[in-house]
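Can you keep this structure in mind? I'll have questions shortly.
Note that the chains are named A, B and C in the order they appear, and that numbering of residues resets to 1 at the start of each chain.
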């Protein structure tokens, strides 16, 4: 079992209703699922809990046999470096590093940088001509490809994608999604895709829907 | 992992060199200001120390000829052979350089070419052509002499040391000795001096001395200025570092999301900042050195003229400045960064990525409360605090409180200004200005502190000067002063004075205990000299007339403060003689108390005291004739001092002080102006969305730029208006609190409105200059960029 | 430049710190060197010899107060020339240094004076004899009748000396060899002074009587380069005989000395005849110094222990050394003086 989420709850101070009200799900190694729901349904929050970006109020998140609940900041940081890769809607590239620098960055952080893999990913994602450019010189679609390359270059066991194409137009959105799916499948990693787009969700074999903090 | 993170952190600077320059420049300027002032102070102190160590002046008792002339070798040898441990010194000038000839075998340890390096060769010093030890700059001023020049940085400035034999040859005074230093250790058996050499007199070592105390006071002023400039610098550092953190918030968030642990990130950022602080500190110290080197000739001239203290016009780079400068840069950075790092540590990982539109916006209410509290503390300390520490704490509370109160006050003033605005442009202008205040607040606080410091220091220095000149006028009113050895000589003076002088003022004094304190009691003759020249801190009407009638006494400020006396308090100056205090006069530089009684009363009370010092009043044109008459009557030249000439020179050179303070004024304002420039440049990008709609609604880029310039000047003017009272409070604290605690006398405070006006003008100029470049850039902003705001493509 | 450095420099014009005690082992450029066979000429040779680099007038005395307390005093005038010439005024290369000390069993008082020659502050005249530096003086109508005065910050003395025997010439008629390599000095003594006088101590004046020994020596290079210091003994036995003996410590020790009978007849002692071995060491001024010695001279049947009266008799002068009175026990008894140099920290 790659991922096991058990009865997770989460609420934010100052809000009356909990964001997550007892969510449970599992994902096998290499499994892919789409997480859909309305804005505010808690799908991003769930993703952040799984990615170790935030901590749950109750319940348990296990990744690859590791329980995230007792981990401190540096433990969760280590998880983000090595096991889980997050692809954000805002790309979150480092603006002062070149495309090549950004792609290599997380792998170097995790201590398993492989230039050959970088080159392969860059070629597959069509970034070959842009390696020495800075993120601000790229279009949105290109920036997201850099973010995907960065995540996959570190060789995560689980890829979490939070509206990865939310800032892209439809055509580049489809192209990026197709590449993401293909590359994740090749690495054998699991994938959880958070999206509000039915069309994108339909691309994945499994689909969960969140409504008002519960899976339906 | 550290290298990866660090390289990512540093890559930010590579891509944003202007931000790096802002940070480095802010730090470097703050350090420069601090270390420059410190360098001047340290150099001045080191020069005094070197002078004292080299010359031993004041440290040792000295023997001189009664007639002020030379002492012969025979007399010297006779004294040595009688068991007097004395060492001969000859002194003269060669091309303005003071040449001192010493006898190294008999000179006290530590005197002579002290620490002249282990390589000193006594044989070369003593025999043959000899050697001359001096600082490099002094050696350069000397003509080509036969003796071998040796560079020795620890010799007093403008002084050259050599063997007495060499000095006698160079000065062409063979066989002559000017004075004998009396060593502290004398043999057990020794005949009295009169018996061996009746023509010589021995003068006791000088005890500390008035000059040192006045000089200390001047240095305290400079040190205070150094602290103030550091406070200004700290604000700039705070601004620069706050900005650097603000700009990198998104990157920090990304790094954390990618799995960089928070603690490691903070440690690495601290390391990065420390590295930058070291670099900036190094640049700053070097800059400070340049500042100090440029100012030092003036400071040297000031001190030389003021106190006759010989200060080198040349600066030696001392390791301690490097260390203290770097320490200040690191410390200031740490202080400024701790807040930023703290907020970074508390920043939620998932907070919005967009930069906060108004960086560093503090909660206005909280800040106002803290400011009010600090100002109350300052007021409390002023009213009830005691001791030097309380004085400095008060200064600190006043400064920080004053700075913190600025943004809320500006907000209030601008809101009030907005109300009567009629035109849409005016209304927008005031509202927009108010919106800029949080972003500019740190820079404006720096400007406020710079101005306040300048107002404070100008007031202090000018007050110091006025007081001191007044004091000189009062104390050196007579044209000539003569010191005599005995009553017979005093009689000679009286006769000469009858024929050649307008008045003879005997200076009668005796030391007594009064009100439990050791004081000097003076007898003053009833004469216009005193009435015309003396100023009182507090006095009853017609104090001199009442003094002459024997109705009371005058006391100095030290006595007034230490004995807790007041006008009208009765003091017992002799058994059975109890008189009220008629006046209290300032007595700067004097460590002990004084009482002045009228001459007849003094003579009644202390008939055994004869006057051995006299002031002679005369028409200034008649002074040479009077001098000649005195010399003809057998009074040695050495006993006559032309104090008036001395005073004129002192006062002329005091003007130099102003060169220094003006230069420092301009510098601090320039630093504050730089802070404004950097803040405006940073704001410029963020402001585009606010300006674009106004532009779209019909204001040209030129008029927008003009308004921006105007805004900077308006904000500077408002800041200046607040800085003035703060600066005056500062000056008051320095003169009336710190000086009293440190030296026991209070300097009266004078106001100099013209100076303040000039300073305000300079501040406005600095602000306008700082705003002009961003404004110019605004006027040149391509319309496409403004339009881009609407496409939300940022 | 402090006095210590100054004095070191004074005796070390050629950076010869490591070469022998106080640089006495340096080569003597331009200075005269002692030659064997030169007859000493008195009173002229009581006066200074400016052509030689160093010279001294060195008096030590063992004295007794009326209560039997032993006292020692030292009065030394050193001459040192920076160049082998005389001269008037400040120009002269002749420098003078005086050391005075007074030793009681409990205390050791030291004073030092430095002076330039040429101006009259210090000097020596052979006849009538006068040697002085500042207010210190050793003077009299002739060399046999002298008064001696000195004062420091905490002591003073004023004593009269009367010679009861002849001058004693060491080595070959005053030519005294100081190393196997042949370094030498001119060296004679007057060991037969009777002394009476007054010592001024911090506690008050003390009237004393005793015996004094004056050494005269001049040279330009008395030590070999490897010689680090010396241990010098002047011993007066109760029998009336006297012994001057010294050990020059170097790569191999060099000893020499003179046996002086009560009548003043001398026997020069060749290298190795006289021996001195440390028996006990004492820490003074941060160094270990031998303060008890076994002294042997087999040909005179001498095998005695020499013990310092005050082991702390350290001379805190520019160049520090140990100098103090001693008592003798064993085959012979008596008193004397011991000088030890070159004991480094």
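Some observations on this one:
Heads up, the rule we're going with is that a residue touches a chain if its C-beta (ideal position, glycine included) is under 8 Å from a C-beta of that chain, and two chains touch if they have at least 3 such contacts.
Since we're looking at a predicted model, the values are computed, not measured.
Centroid distances built from C-alpha atoms place C farthest away from chain A. Of all chains displayed, B has the C-alpha centre closest to the centre of the whole protein C-alpha set. Chain centres here are Cα means. That of chain A falls 97 Å from that of chain C.
As a whole-number value, the distance joining the C-alpha centres of chain A and chain B reads 63 Å.
Averaged C-alpha coordinates put the centre of chain B at 59 Å from the centre of chain C. Residues of chain C found to touch two or more other chains are absent.
Chain B has no residue in contact with two or more other chains. Under the contact definition stated at the top, not a single residue of chain A touches 2 or more other chains.
Residues 48, 53-54, 73-74, 77-82, 86, 88, 90, 92-97, 101, 105-106, 108-111, 134, 150 of chain A are the ones touching chain B in the complex.
Interface of chain C with chain B (complex): residues 1-3, 5-6, 9-10, 13, 82-83, 89-91, 93, 95, 111, 114-116, 119-121, 132, 134-135, 151-156, 200. Those residues of chain B whose C-beta lies close enough to touch chain A in the complex are 1, 4-5, 8, 11-16, 250-251, 253-264, 349-350, 353.
The residues of chain B lying in touch with chain C in their complex are 73-74, 76-77, 80-83, 85, 103-106, 109-110, 112-116, 118, 120-123, 126-127, 163-166, 168, 174-175, 185-190.
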